[in-house]
Every structure is written in structure tokens, then in C-alpha cells.
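Mind looking over this structure? Questions follow.
Read from first to last, the chains carry the letters A, B, C and D; within each, the first residue is number 1.
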Amino acid sequence: MADKIRIGVLGASGYTGADLVRLAARHPAMEIAVLTANSHAGKPMRDVFQHLSHIELPDLVTIEDAPWNEVDAVFCGLPHGTTQAITKEIFEKHPQTKIIDMSADFRLRDPAVYKEWYGLDHMATDIQGEAVYGLTELYRDAIREARLIACPGCYPTAVLLALVPLAKAAMIDASDIVIDAKSGVSGAGRSLKENTLFCEAGEGLSPYAVGKHRHMAEIEQEIGTAAGVPDLRVNFTPHLIPMSRGELCTSYVRLADGASARDLRHHLLETYAGEPFVTVADEDVLPRTQMVRGSNYVVVNVVPDRIPGRAIVISTLDNLVKGSAGQAIQNFNVAYGIDETTGIEQLPLFP
Amino acid sequence: MADKIRIGVLGASGYTGADLVRLAARHPAMEIAVLTANSHAGKPMRDVFQHLSHIELPDLVTIEDAPWNEVDAVFCGLPHGTTQAITKEIFEKHPQTKIIDMSADFRLRDPAVYKEWYGLDHMATDIQGEAVYGLTELYRDAIREARLIACPGCYPTAVLLALVPLAKAAMIDASDIVIDAKSGVSGAGRSLKENTLFCEAGEGLSPYAVGKHRHMAEIEQEIGTAAGVPDLRVNFTPHLIPMSRGELCTSYVRLADGASARDLRHHLLETYAGEPFVTVADEDVLPRTQMVRGSNYVVVNVVPDRIPGRAIVISTLDNLVKGSAGQAIQNFNVAYGIDETTGIEQLPLFP
Amino acid sequence: MADKIRIGVLGASGYTGADLVRLAARHPAMEIAVLTANSHAGKPMRDVFQHLSHIELPDLVTIEDAPWNEVDAVFCGLPHGTTQAITKEIFEKHPQTKIIDMSADFRLRDPAVYKEWYGLDHMATDIQGEAVYGLTELYRDAIREARLIACPGCYPTAVLLALVPLAKAAMIDASDIVIDAKSGVSGAGRSLKENTLFCEAGEGLSPYAVGKHRHMAEIEQEIGTAAGVPDLRVNFTPHLIPMSRGELCTSYVRLADGASARDLRHHLLETYAGEPFVTVADEDVLPRTQMVRGSNYVVVNVVPDRIPGRAIVISTLDNLVKGSAGQAIQNFNVAYGIDETTGIEQLPLFP
Amino acid sequence: MADKIRIGVLGASGYTGADLVRLAARHPAMEIAVLTANSHAGKPMRDVFQHLSHIELPDLVTIEDAPWNEVDAVFCGLPHGTTQAITKEIFEKHPQTKIIDMSADFRLRDPAVYKEWYGLDHMATDIQGEAVYGLTELYRDAIREARLIACPGCYPTAVLLALVPLAKAAMIDASDIVIDAKSGVSGAGRSLKENTLFCEAGEGLSPYAVGKHRHMAEIEQEIGTAAGVPDLRVNFTPHLIPMSRGELCTSYVRLADGASARDLRHHLLETYAGEPFVTVADEDVLPRTQMVRGSNYVVVNVVPDRIPGRAIVISTLDNLVKGSAGQAIQNFNVAYGIDETTGIEQLPLFP
């Protein structure tokens, strides 16, 4: 089909890349033209991901061998720090190409903050200014015009959709936020690590990266901006949960004077009234990852705390879909003027 | 859309019914008109299945209150023995309506066999003759014309797609088949039973219904027919596995003289060459449930046994999709002359 | 053996009762004399819990039929509100008998608080004054003399061991505590509930009873007492995790002026220096449920928060062992002057 | 305690070694003197296995640095092919030392068979003749006198305890045995492999090593010997199950003329009447891994097949306990004349 948009996927051998391929293969406006995976170059994709055996896909190639002039859009699913150079090169040499980056490389507006959290000098600071933070619901207008879309991390997507409208409306005290976050194991990727073995992560629960998780930087950047607090600090404490997909963030907030949990919920209801992928749960329904698994939906709710003046904000999403590949496609749709839900309308898989 | 086919779902509060709704809601030619669930009548569907909160659906009604004249097709997701009367009534009063039955009620051609296995007199034997066994790949032509389609059980779908072509071609000895079957817990349904509690089924593995599982009757009927052996008996031994979805059957067969595992595999490759949903795995690839989760695909393969003259046939599917709701929609598509893959093209969800 | 202490277990058909039997059967000073389970009376225990098939146990009897004069100690594993009358009767009629109650009935010193949280009038308020709160490490001396020991809930055990010493030492601000709690599914018991089915609780994560969980009352009672704050309120938010056993509480605390996370950790190290079952993890080790599964150990640690003036206190235990049956036996040992670790020395089962 | 037997563990950083340490640490007649782990030498054991943080253990050393003259018994938990030389050296230099090998190195009596299956020349064939196959119930007398005990693999332990007595009594046709085996993921060890990651093994089921699993050699050796069939071949097909511990083997057998499933069950009942660790389940009870998790028990049963002349034999155990470390300790007890159940009496952990 001549009219399809040809896409390339950088890093197709990770979970994020694979989930993008899963969705892209059924997207009516996409043609999967290039799949890269340096460590598996030359192999058919079905040797790397057997669940993709059912369809024809291009064989994997190295980044160096990929024909960038034959793609219209590039999705990057590689870890941070590995694709700044190639991203920059594509950005500069192929002005028609849009880049949708699922890595962390272009999320932080301040290179110093990037260096502080990621421990690396950024190699493409000159195009950082072109990057739009790809949280679709909050930056849709900018995404429409963007050539470089920096999709948020999975945790930030869950947290920010819940808290940014509340911070912006000054309904919560941005300086007193505790975020207890829980994630399935796929968030750790497919690389071989002892703590993600079945026998280590199964039937057990572990906090990790306490006080150090890099997603904190994005969360602080965006809530800080919304609240007008320059050097905001939040508590963000992630836990590894024995499930493959899904993420749930329980945020403990202090209410602004006069605000109630119910007010917060109504504000979210209004904010997201027309949004296709954000569901504010019924008043008595607590968000659960089971409500979103395998889908691009987010569920949020606000629950009264027994302690006066406080509320509990809960948000959940599938870390690989709305937390990564699904939101990337949502941004693609916006950027190319396609109906925003195209290719990502699947309802959650339950049980 | 005026052209959509209005469907009703009998038993929308079970896992099978819910998975049908999940898929039907995104099927471009279906309009969900009626959802029944006697024990939940009056409730919105999202109160019964929170993962369906994201879309508008009709409220649940009782079977008695359902406006059958307002639907074009009926899917039945209720347990065996509960809907023969209503099925018969709809069949007789609404001659334009097609019925796609996911229960066991019309699968067995011989009412005596039905009674033997299900312990009940069949209440609609007069329309049994109208029923077509809904294993799409094997009965596609008959399904095209059928008004009553009896979709196979989940296990029989996995077993029969693998073994019927081999039995029909006399490549295996139909009288010496051992089928060791493994299923995720969703196969047991959503009703409350101690053995399907998380703490009972989790981190453990249990054989069940050994020598007694009702799916054996279908398997014997269909392999017997294919092989021309009237009263065939097979060994069929199911096990409950700590996962929600997925089924894998390991069938141990004796080869006909001169046949090899490779011959069997080639025969399956030829048989299913044009089939959209049956994947014969690469020669060195063992089917795994991870290759099909959440999808309508089946994966089969034949592996040599170290014992001369024997082979191992492995098949896997998602019990709620190809094993139930997905195959029901596949049959719907065939019966209504729609492209067979419509609404069930999703690739497997992995991880 | 003539010298063994004969025990009876009220409610042997629940998980708590079964875990008590598992441990008691190997306890060198115990003889299991009576097992009650009204709904299963007359059955052998192995019909109710197959993992106990390997040993001889008395058949189950009703509470009414149990020969209380033939036991020296009674463990109660029934839900709150069901055994106050029988407890009182045994307490009054059998003055030599010690009662170790794993239910919630005698944990709250104020009957009004009991009524507020449990919705019932307490039927044995006259013996409430005899009850000792059975958190062994904190009430050991009183337990030695007690005839009625009210073992804490599983969550309170985890939380209080971590926070009471800190509150007592005024190292934290007791009025600003957020406790995000996570539990495996066995905490919900063996009764049939839809949300604890494998397919509902598996591969997913759910907050529950937010702002309403009854364990909050115990937590507030004990931290309030330690801190000298009469009507203390804490935030306590539990989540259901897809694992069978294990509990982890992440408590977010505000430090008293001058205190650091390191100070808190050292205080816990000192407090628990001689304790056989409380492990303060190494400085860089985050407690995980995998460190305690199947054992009577608790692991605690204090981690600096990136936000100045705050710290994160993490504690974990096995909800059925130190959170219930194991601690009950620990209290039994103390009450009978037996070495405290007898019968509960098993190391954690990992993986 | 001067009287304790000092043990060394070769390979304490694997799951088998760790489970041995877990049990040995509480064994009243053992003192853990040496722990080796070449890749972790110099570390405290609790850095490698956090669940062992609660007790004092010797730091890890290399095999080369281990003081073999300071131990009385050596347990080997390393992979096959890695410790033949050191085993031989210890065997020859330390004549008082008993070696209990949990690896595969000394299980196969015929070095040619070893080479065929393990692809290596055996480096200690001269002491192979000293090795006793450590299936305690079948070789107890020889184990009493042995200095080199070759503990069986986990699968062989489950299969042989069920089938050897039946083959020996000629109640089954040894030449027609199909063994469908299922194992939890810990059987694959702690080394980093993609297929044992949580996201790969979880919520899914995979056959593996079909027709090639090395445990087949032991099974054939022992059933062949029992049945008097020299070059016996059996079908043995393992599957990876999403649980950490536990193994269940479903063996499909043809009955000798006149024998019934009930006869087989009675024969096993008689055979194992006095055995402390083998439970023949009640007639209507199907063995489940939940009946043995974390314990040294084996459960077996025989179930009639619907096909005349056939039966189904089911056996289950915990692969790390009776399938490895527990049986090793059972053999230690036998070899040192200690009560056979010492240190391994724990009842199964359920749920």
C-alpha cells in the first residue's frame, strides 16, 4: 500500500520494541520497514520473539546497516544514552522523518539534570530544544508539530496524568507528595539480571532504587513546572511486583485549603472528559492493574484519606503500552494527523 | 451504523462471555445489543468486569427479559445444560438468527453420549441435527450455511487441529493416543471454587478429572470419525497450571508404518498452508503458550520421540480466544460472509 | 510423651489454623489434642489440607464437641467476633488453660474502638483487661504471665516492630506517618471470594480497604501509646499483591529535628540486638519478602529519603508465620517458659 | 559442640547449595564448616542469598582454598562435569570423608552412557564403582556403607520411586512407558538464561529438551535394571511450569496381564508402608505439588485409565528438597547412622 507510513524501530529485541511491533503490525497506516537489533542482526524477528511468528516481518539489521532513507518515522526503543548520536544524525539528515523516542534521552529539558541522573554528558544537546515531552494528553498541541517526541517513562506517565492537573490547579501541595510506585517485572527489560529471574522475582516483593530512580527527575520537572515550583522534590519509591505487566502508583498528597478528595476527582473528571484513554474510575472503585493490562488505557481515582487535609491519588497503566509503545503510537497518530486511537483501541486483556 | 449485525451474549458475566464482549466491542461489523447475566441483571457491565469500564455497553438483563427479536446473532457463553431450552426457542422462533454456542450442548452428535458424559437428558435433541461442530478449519464449509454452530471445547480445539489431519491420513495409530493436557486456571471459570483460589492454584500444579474430563467425548468423536474407528478411546489427562490463560496439549502417538515425525509435520504444514490462525512452528521450535496468549492463533508441531515408531505432537492456544470466544467470532465471520480474521487479528500479548 | 503440653486449635480449617498445625506438629513440647472446624467436623484434617496428609492428626470436631478439659493451651484462628463467648468460657472455667488468640478480638484495649472498627458489641469486655497484646518483642514480660494473649494482626506486627521504637524515642513525628502496605493473598483467608480467585488476583495489583482497614486501629493504638499521642491517626493503605505469602510495609516518616535515617537504623539495631527473630538489614540492603518467606523472621531497615527531613522505613514478614501462627507459638514458648525459638527456627524458604 | 559432623558444601551459590545450607544450618548433628563458590569467593553468604541473613555462616571460599582436612562430609551442589577431579582428590586423600554428590557425575554406572548423554569423558571412572545411587528408599543398605553417594536427579527421584517397584514386580510393561514431566523453574538453576526470566517463564508453559533430557539416562538405567531389560527406552518429556518449586510426573503405563490400577496402588502401599517420606495418597486423591512444597515428602498414586489395560501413575516432590538437598541430607543421615528424618522433618509449606 503506497499510502502507508514506513516505520523503523531502533531496538526491536527489547520488550518495548517488541510491543511496538505487535501493535504496529496491525496499525492500518503503518508499514514496518526496518527493525534493528545489533546483537541479533541477521535473524528473523520470530527467532527473537516467538509470539511474533505468525506474521511476516523484516529481518533484524544493525543500526549501521539500516536504510534510514527508506523510512518515514523512527521509533527508538533502546536504553538511554545509546542512541543520541544516531537520533541526531537522523534528525539532521532526514528532515522529513519524525522521531518518536521511547528512551529517556530527550525527556529532561535541562542537560545538567540529565547528567546528574544519567551520569553521562548528553551528546545531542543542540536538538534537545526541538524535543516535545510526549505525554499526549498534556502536550498534544506541541506533539502535532513536533519532529522529535520524547515519550515519558512509564511511571511518570501514570503519576503525571494524575497529579499535573491537580498541581496546576493548585489543589494539592506540590512540596509534600509521597509516591509509592509498584511495577511488574517487564519494566526491567529483557536483559539478563539475577533479580528478574522467575525464582527471584516470583512469589515476592522488593523495593528497589529507593530515593534514586531516574524517573523521579521527569516527575519533578513536570509537577514542578505545573505547580510553578522550580526545584521541586518529591518522594518516589518503586517496588517490583511479581507480575509481568502493569504499574500502579499510590500518591499521598496534602490538599490545598478547602479542597477535598471529591474536588480533586471532579477536577480530573473535567480535565479528562473528552480523552479517549483516561478513565476516571467510579467513585467507589479503586484502580487496579487488571483494568488496563495490555491496553493503552489509564485509570485514575482520588480517595479520601482518613487523615483530614490529605487525599490518596491512585493511577494505573500497562507499562509497555500507555507506559511506552502504546503512547508512542498515540503520539505518532497525533503527529501524522491520524485518528488518535488508531491501532491502540484494544480493550484490556482480563483475566 | 445501520449495517452492523446486532449481537446478544447469553452469559456475559463469565470469562468466556467477557472475552467475547472484549473482542466484539472492537469488531467493525458487530453491535453489542444485548448482554444477559441472570445473577447480575440490572447492573452495568463495568460493575461485573472492571476492565470493560472504558466503553459504553448495554446493562445486563435476564435471559427472560432479553429482546431476542432485536438481535441478529446470539452467542451463548453459559455452562452446558442451562440454555438448551432458550437456544431451541430462539432457533425456532427467530429463523433469521444464527446461534453460536460456546457451551458443550450441541457438540456431541449422539444424545446418548451426551447423557453419558453430562449426566442430563438433552432437551433439544430435535435441533441437534442442525448443529455444525464449529472447529472452523475442519468444518468451514458447513459453518458457512449453519444456523446453529456448536463451538468445540478449548482442549478439543487444541487436540483436534493437531491430530485429526494425522488420523484422517492414517499416519498415526488412532487407538494408541495419550494426551497429556495442561490448562491455565481461567478454564475453570469465574465461579467460586476452593481449588481456583490464588493460594490454592498458585505456585502449584494439579492433575484433575483424570479419566473423566468431558472434553474427552468430543475428542473421541472427532478423531474416531477421522480415523474411521467407531468407538475410539483415547487417554486424556488434564492438569491445572498456575497461569490464567493458555493451554498446551502434549500428545504421544504411535506412527503408522513408514511414517516419521517429519512426515507428520509436513502433512500439517500442507494442511494448514493457507490458514490464517494455525501456525506450524519451525522444525526446532517447541510450541509454548507464550506464543499465543490473548490471540486466536494455534501453534502446532511434531517432534521425534527417541523411541522408534513414536512421535510427540504438541499444540497450544489461548483457551478463552481460539479455545472459545475468538473461535466463536471466527465462526461468526464465516457464517456471515465477513473476512474470517475480522476482529480477531490481535497478535499475542507477550510478555 | 507425658510432659508435652496438649494444645487445641479453634478454627483449624483456615490458613492461619493450618499453619499453626504445620508448626505445632513438629514442636517438641506440643501435642496436638484437639482441632475444631465446625463446617468440616468429622473429617480427617488431611481431607481439608492435603499438605498435612503425611502425619497423624486428630479428626476435626465442632467447637461445641471439643473436650476443653483435655487441653492445656488453646490457639484461636477464627475470624474476629466469632469466639468471644467460647474464649470467655474457657478462660473462666479452665483457669489452668492459656489462650493464644490469633483473631482481632482482644487486641484493642478500648471496647468503643473495637465497636467502631468491627461494628460489633464486644461480648467479653470483662476479660479484655486480662489480655496482653502479643507483640512478643515489645510485651515479652507481660506475656510471660499472661493467660490471654491477643496476637497482633499481620500488618501491625510488621509496622509496629519498625515504628514503635522510633516513636517511643521521639525520633519521628508520629502525627505524619504514611504506611503503604502490600500483602500476599493468603492474608485474605481461605473463604471463597471473587477477588481472591487466581484469575482475579494473579498478574495484577489492587489497593483495597483504603482508609478503612481494621488493622489501622491497632497501629494507631500502639504507636499512639508509644509516642504519647492519645488520638493518633496514621495513613495506612493496603494493596493486594499476586503472591501467596509475605507482607511488606513501606512507611514514610518525618524525622524529629536532628535525627537522620542512619540514627533511626542504629536505634533499631540497638533495640533488636539480642532478638532472635528481628533482623536489621545491612545498610545497603532493602528488605524483601523473599528474605522471610515461610519463617518467623522480620527484616527492617531505614533508608534516607531524598527529601531532607524525611526517611523511609521498610519492614517485611511472612503474614502467616511471624504475622500469625509463628508469633502465636513464639508467645506460647514465652508463656510456658520454653526457649523462645522452639519449633519456629526454620529458615526462610527461597526460592 | 564437639560431636557435630563438620560439613563442606561445594557450590553454595546455586539453589541446590543454598537449600542444603538452609536445612543443614538447623540440622542438630551438622556444623557448616566450609562453603565454596568460586565466583563469589570472599563474600559473606548473606550477600549471595539474602534469606540466609539471619544466621552466622562461614564466608565463601574457592574450591582451591577450601580446607578439606577440616570437614568430615562433603556435599557437592555444582553442575555435572565440574567436580570430578576434586571429588576424586577428596575421595582418595581423605579416606574418612564421605562425599554426597548432588550433581550427575556418578549416577550412571556405564561411563559410555555418561559420555553419550553428557558429552564429556568422565575424569574419575576409577571411583565410579564406589558410587552408590542415592535413591534412599531403594538403596538404603548400600548407602549405609558408602563413601560416595550419587544422589539422583529430581525427575528420576519422582519417577523411580513410583515405577521401580512396579517394574520390579513385573506389574507394568517396562517397554511402553510415557512420562510427561512438569517442573518449576528452580530446576533450571540460578544462572542467567533468558527463558528463566520472570517475564519469559511466567504466565506460560513450555515443553523443553524433548527427547533429549539427561535425566532420561538415569531413569532408563534404573527401570531397566528393575525390569531386567538391558537397553530400555522410555519416553520422557519435560515441561517448564510457572512456579518456583515442585515437580510432578504423570506416567502412562501398560499393565501386565491381570494387573489393575488398584493392584499397583496396593503394591506401592506395601512397598512404602514403613517409609517416613513416601506417602501413597488416598484412593481418590490426585497428587499435587502443593502437597510437598518445601518438604522432603513424595506423594504417589495410581489412577485407573479409562482405556482398559492401562493405568496412570502420578508422583510429585519438591525438586530442591527430596529432589536434591533434602535427599542428600537423608542419605547423610543414613550414612552416619543418624535417625533418617533428622533435619528434614519440616511439613510442606502451604499456601
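To be clear about the criterion, a residue touches a chain if its C-beta (ideal position, glycine included) is under 8 Å from a C-beta of that chain, and two chains touch if they have at least 3 such contacts.
Computed from a predicted structure; not experimentally measured.
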item	value
Of all other chains, the one whose Cα centre sits farthest from chain A	D
Chain pair with more C-beta contacts, A-C versus B-C	A-C
Inter-centroid spacing, chain B versus chain A (mean Cα positions, whole Å)	36
Whole-Å gap between the CA centroids of chain A and chain C	39
Centre distance in Å when chain B and chain C are each reduced to the mean of their C-alpha atoms	46
Junction residues of chain B - those touching two or more other chains	15, 186, 199-200, 202-203, 242-245, 288, 290, 293, 351
Chain A contact footprint on chain B (complex, rising order)	15, 18, 22, 25-26, 46, 49-55, 186, 202-203, 244-245, 279, 281-282, 285, 288, 290-295, 297, 299, 345-351
Chain A contact footprint on chain C (complex, rising order)	178, 180, 182, 184, 199-200, 202-208, 210-212, 216, 233-235, 237, 239, 241-246, 248, 250, 252, 286-290, 293, 303-307, 310, 312, 314, 316, 351
List of chain D residues in touch with chain A within their complex	15, 185-186, 190, 192-194, 196-203, 242-244
